[in-house]
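Scrolling down, you'll hit the structures one after another.
You will see subunit A twice below: alongside subunit B first, and alongside subunit C after that.
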Partner chain A sequence: MSKKLKNSLISLTLIIAAVVLGIFATNKPVKSSSSSDRIPIVFWHEMGGPSEDALEAVVNGFNKSQSKYKVIPKYQGSYDEAIQKILQTHGTNTSPAIFQSFDIATAQMIHSKYTTPVQNFIDKDKDFDIEKIAPAARSFYSNDGKQQAMPFNTSQPVLYYNASLLKKYHITPPPVSPTYSDITRVAKQLYERSDHKTKGMTVQIYGWLLEQATTNAGQALANNDNGHSGIPTEVKLNNPSTVKFLEWIRENIKSGDFINYGSGASAGANQIAGFLSGKVGIFIQSSASMGKLTKNNPNKLGITYFPHPDGQKANGVSIGGAALWISNDKSKAVQQGAYEFSKYALSPAVQAQWQKSTGYLALNKDAQKEKILKDLYAKNPEAKVPGQQLADAKPNYVNSGILLEGMQVTRQLEEVAMEEAYNGGDIAKALSHADKNVNQNIATSNRANGYK
Partner chain B sequence: MLKSTTPTMVGSEAKAKKKRHSFSLNAKDKYFALLFLGPSLLLLSVFVFYPMFRTLYISMFLTNTLGKTTVFNGFGNYATLLSSPEYIASMGSTLFYVLAVTALTVSIGLLLANLASQKLAGIGIFRTLYSITMGVSVSVAAIFWLFIFNPSTGFFTIISNALHLPVINWLTDPKMAMWAVIITTVWMHLGFTFLILLGSISSVPTTLYEAASVEGASERRQFFKITIPMISPTLFFVSTITLIDSFKSFGLIDLITKGGPTNSTNMLVYRLYKDAFYSGNYGQASSEAIILTIIIAFFTFLQFKFLEKRVNY
Partner chain C sequence: MITSNKPNRLNKVLSYLLLVVLAVVILAPFFIGIWTSFLPTMDIAQGNFFSTKVSFDNYVAAFTKTPIVRYLGNSLVISTLTMLAQLVFCSMSAYAFVFLKFKYRNAIFILFLITMMLPFEAEIIPNFTTVKNLGMLDNYSVLLIPFLTSAFGTFMLRQAFMQTPTELKEAADIEGLNHFQIYWSIVLPYNKISMITLGAYSFLGAWNQYLWPMLTTFSNDSRLIQNGLRQLQSEETFNDWGMIQASAAIIVIPTIIVLFVGQHYFKSGMNEGAVK
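Let's turn to the complex of A and B:
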């Protein structure tokens, strides 16, 4: 072996050694000096934009309020993607101690058995009164009489309208809890009286809204009481309530007062841009959009309940949003800290501030007594509406969410059916086609999970 | 030093030539082969081969809520996919998209490169403008185009309204959404394609054109008979890259249409991502990955087999 080769061999070994050392060295957790005596509580969340700032304020408030724990918030992207990350990292040292998981992943989280029900902590805690938390939100995240997760950012689907434009054209605003034909009337009048400059209404192609329309009509989508009395084996999207909802939209598309913004996040943004610039007068969306709609809106904002079919009473919609879950792969002390944080997040003052800055609803009844919310209502009386809608709904299995695994797939297929209906396809055919695919997916998923 | 190295190098080269025919390695060669290939083989097996075989394995199973393989399904996942009209439609739309993007990118790129290769005053400005999309990231491009396509405040809508033309629903009409994605992708790819083709066109010897002009060949004839054959290796390279790139298109679709409306832009890669990381169907997503690998391999093979023959290197 020549000397040159020997030298290059040595340097190669050195490089490899350095790389290997580097990998191992960076793998070691770096301890920050400030948190040395506190127990770190890693918190995964999916709040972006202004809601993220508001959430960080909650975390900072908790970290300042005590000296035992330190909550470390980590943004994880969209709700859907976060679920997969949470499930795949469970049991490793990167997994979170507490995490935010959205409404439709509730069944998945319960069945994963990766979490400790918050009920276990509530039972031992004398200071915390769960009765103070809105019942509709509580029932959504409970199973077998146990509170599985702490409801957190909770929204309601509501109907927004441009009150200034309605006033300008002398149109009577829609009533509280309107019917489909009430909305059609306002949309048509707006479109006609504005000389076709303003479209009357839009409904985003968003599975959540389709589910809410069926819920508000009192119709369960999945069998076994929407999954509340057993694992669902069948979903029926092709039902009279869904058909009525889509027919209502089609009627408005045909008469020209409806504008379709499509699906996805860009559709949501386009819709808000259209509404703020007075191009469309009515739209249905989560109450969590209120922040964006009050900040830069030159017009007066009107809000009313989610509409329901004519000739029947509204059943009340279910909540949207997410809850806080405690992972069971962490030590008892860490889990306790996670619970303390969730409890803090639901305290009246924090909830009041949270509602003001995000549009998500304050779930703690006592939050309504806080000055922040009283001031908010004095300035914007319409900000009260989503909370009233939440209080009006009597929890039943129809409006307590669908406990079905694979809701993400179901929602995607619902949206395809909506798109077909919006583009002029046969409504019943589109829905039964979606049913076929959803049920095939449920059958496969139940087989893979060993459910009978 | 020089004196001694030259003969040995020639010697070893001759040896190497001999070995290429016999395919037998002596112990020393084996040692060096292992030494030099070892590190990359190690990395490749950790990051490429293992995931590949793991994907193949998972594709034969159903996966539960936790993403763990539970029920052996043989080729069941493949059968479900290939018998699903949605998946077949997805294949069709991917094919259409890939071919349209490749054809448009290469032809528009060639046109622009040919224009910009003229020696005129201020041509540098145009060269910069045409290649500027190289510096734009996917997310910026998507947001920019979303503003243009916005149904109520978008640029296209404003123009249509001003000219009293019917408004095109770029993102909500299934057919137009496909074109919206194609236009955006072509726009994104154009900068790179343009730059590569421009470089290639400028390196064609001017003497060829001079000789052709003397012969009385028209500009058009010169373009087809001199420029195209001379830059054919680059054209081949650019079309292969664009084809493979557009097969893997993800960012723009995710940001602009999310696969909608009515699945019209739900291409294979995007569908795979959604099935795995939205829906958690890892078994099915793995079979989709295997199918996609086969398709891309097939196209690359076709391209090398047929296109390469016409390329003058």
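Let's turn to the complex of A and C:
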């Protein structure tokens, strides 16, 4: 009896050992079967959900369009997580040939020196006209006069309003490029005329929106031209433009037509739920949200540019989203293949379909002539607005993004300051407090990275 | 009689009331989650939770449009292997710590405990470098090998084994049983409940892993279920919340089964002890 038990125990241990050893022995990275002698191009991306389907359609299109390369798309989690994986696996055989990295990691990517600027390939390529790509998107990912990465999924912050409600209460819609007071007027009227049933507006506690407000007012946040002419050593959140933006929100909070959905991911979802069910009339969000606002929405949707301060011209906002970067730890042939893919992804027909299926903006000027987009605009004329805002922006250092490492922390601190301002705290004090913390963080990070 | 009963009854009512409130607070989000998994996405997006358009569409979409079945399979394999390995290795080391006498036994045990003081997140960077250099990235092995044993499991089973009456061990020694026989036919059956508890604990731990598999796997072939759930959400664009809810509900089912089975054994184990 006990011998039997002993035997079975030993065999159980052996089985586990065998399984573990077996896994060790067959320890090769899981590979998708690439049948022919095509060069495999591993592509890391962060597009989950429906956007992943749209991205896979782009990849399949590229793989069908030529027979030299085979792009293998691999999902890597959220933008933040993917950055760490990309930086940590660089130089190993698991690292990608081309990857998608989000807007606020641009400085980190440039400084890592792990990538080959796409400019190197563009210079050798006579077929590709970079001028066709939206300049505001290009300038975001260029440095030292070189295109560092190919802008890809791109969005713009825009203002959405419930056009049906405005019509119902006979309110004149805001102009296409509204000022703060234009929006205040609409929000107040909506709140009053709906007998306080519908709140006028909301602005999510989201650092990106605060940055965009200062950008649109023509104010740089970080020194050294927002990091475009050198590594930034200081930010100045406590500036007249940011104060004006927060005062505008405060004014609406005081008159009761403002609703605060807080910060974080659920705030975004709640805000959209509130907008779709007619509880709030105006909100500001990425143009990439448009898909869910037009689909099955019983109300008519209105879209304007990001609002700007009264008495001055809008400087234009910077883009959001992500770009395609080419790793420099792969062979020349693989890098060339990665470039060919990024070029394909930006071709007019692909970009037009991309905008239709995801809500991200088509970056190629010729995409506007494609039938897919013309049909889309015929059905939803307001869908044109974000693209127009992008085309209108004349790129300068202010609206080409902030080339600052540690933007994630900076945003958190910005959001703390916003929260304080929303809750009635002293605006200037909250902002200078944020300045102090951000600058401390920048100093530490610069020292750790060995920047002077 | 009646007067002496009154405070008792009041007590009972109050404690049941408290229990009901707590049950509602804890269970309501769970049931709302299950309920929304039957609703169309548009109703969820509008916050219209009393919609009557209930259907299984979301579940069909989750199974047909996403690789969730593959992820479930991956998670099931990894969790089961982790659980079995932890049961074997933790019980063996615990046995050694309790029934074998060797030099520095307590010192080594304290070393074991020290590894429990560091949260796993704090060890991620060195662990990542190690598995990277071993070439284990993006493979089942990276999800399994670091978790074959656990200091907590050893600690828990050691405490349980120490409760085993010394008379049993002495009787076994007199019978001439060797260590493997004592381990297998006396210590393990006697501590069945602790083993089941550790099994459920390690299975759920492996099932709910997020950060480590997210960092070390790169492709759908080796992705685990919790990361798969994250993959169903997009970054800035449209989300199919109904389908995501349905997937979340599907993912919860195995953990509930494990808990129910564990609870059943737990109860029967307690009864056995009472009869003895």
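Methods note: the second predicted complex is superposed on the first by the 422 of 452 C-alpha atoms of A that agree within 3 Å, B and C clash if a C-alpha of one lies under 4 Å from a C-alpha of the other, contacts with A are read in each partner's own complex, and residues count from 1 in each chain.
Keep in mind that, in the parts below, a residue touches a chain if its C-beta (ideal position, glycine included) is under 8 Å from a C-beta of that chain, and two chains touch if they have at least 3 such contacts.
The shown structure was predicted, so the numbers you read here are calculated from the model rather than taken from an experiment.
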Contacts of A:Ala448 with subunit B and subunit C, given as first, second, both or neither: first
Contacts of A:Ala273 with subunit B and subunit C, given as first, second, both or neither: both
Which superposed partner A:Val409 touches (first subunit B, second subunit C, both, neither): first
Which superposed partner A:Gly320 touches (first subunit B, second subunit C, both, neither): second
First, second, both or neither for A:Asn439, with subunit B first and subunit C second: neither
Touching partner for A:Asn224 - first (subunit B), second (subunit C), both, neither: neither
Touching partner for A:Asn120 - first (subunit B), second (subunit C), both, neither: neither
Subunit B versus subunit C as contact partner of A:Gln84, first or second or both or neither: both
Those residues of subunit A which subunit B touches in one complex and subunit C touches in the other: 9, 16, 81, 84, 88, 269-270, 273-274, 277
Subunit C partner contacts - residues on subunit A that touch it in the complex: 2, 5-6, 9-10, 12-13, 16, 19-20, 23-24, 27-30, 32, 44, 46-52, 74-79, 81, 84-85, 88-89, 92-94, 102, 155, 269-270, 272-274, 276-277, 286, 288-289, 291-292, 295-296, 320-321, 358-360
Of subunit B, residues touching subunit A in the complex: 35, 39, 62-67, 70-71, 80, 86, 146, 150-153, 169, 171-174, 177, 255-258, 260-263, 274, 276-281, 283
Partner subunit A, residues of subunit C touching it in the complex: 42, 45-48, 81, 84-85, 88, 128, 132, 135-141, 144-145, 148, 177, 180-181, 183-185, 214-215, 218-223, 227, 230-240, 244
Contact footprint of subunit B on subunit A as seen in their complex: 9, 16, 80-81, 83-84, 87-88, 90, 108, 111-112, 114, 199, 205, 259-267, 269-270, 273-274, 277, 279-280, 405-406, 408-409, 412, 415-416, 419-420, 422-423, 437, 441, 444-445, 447-450
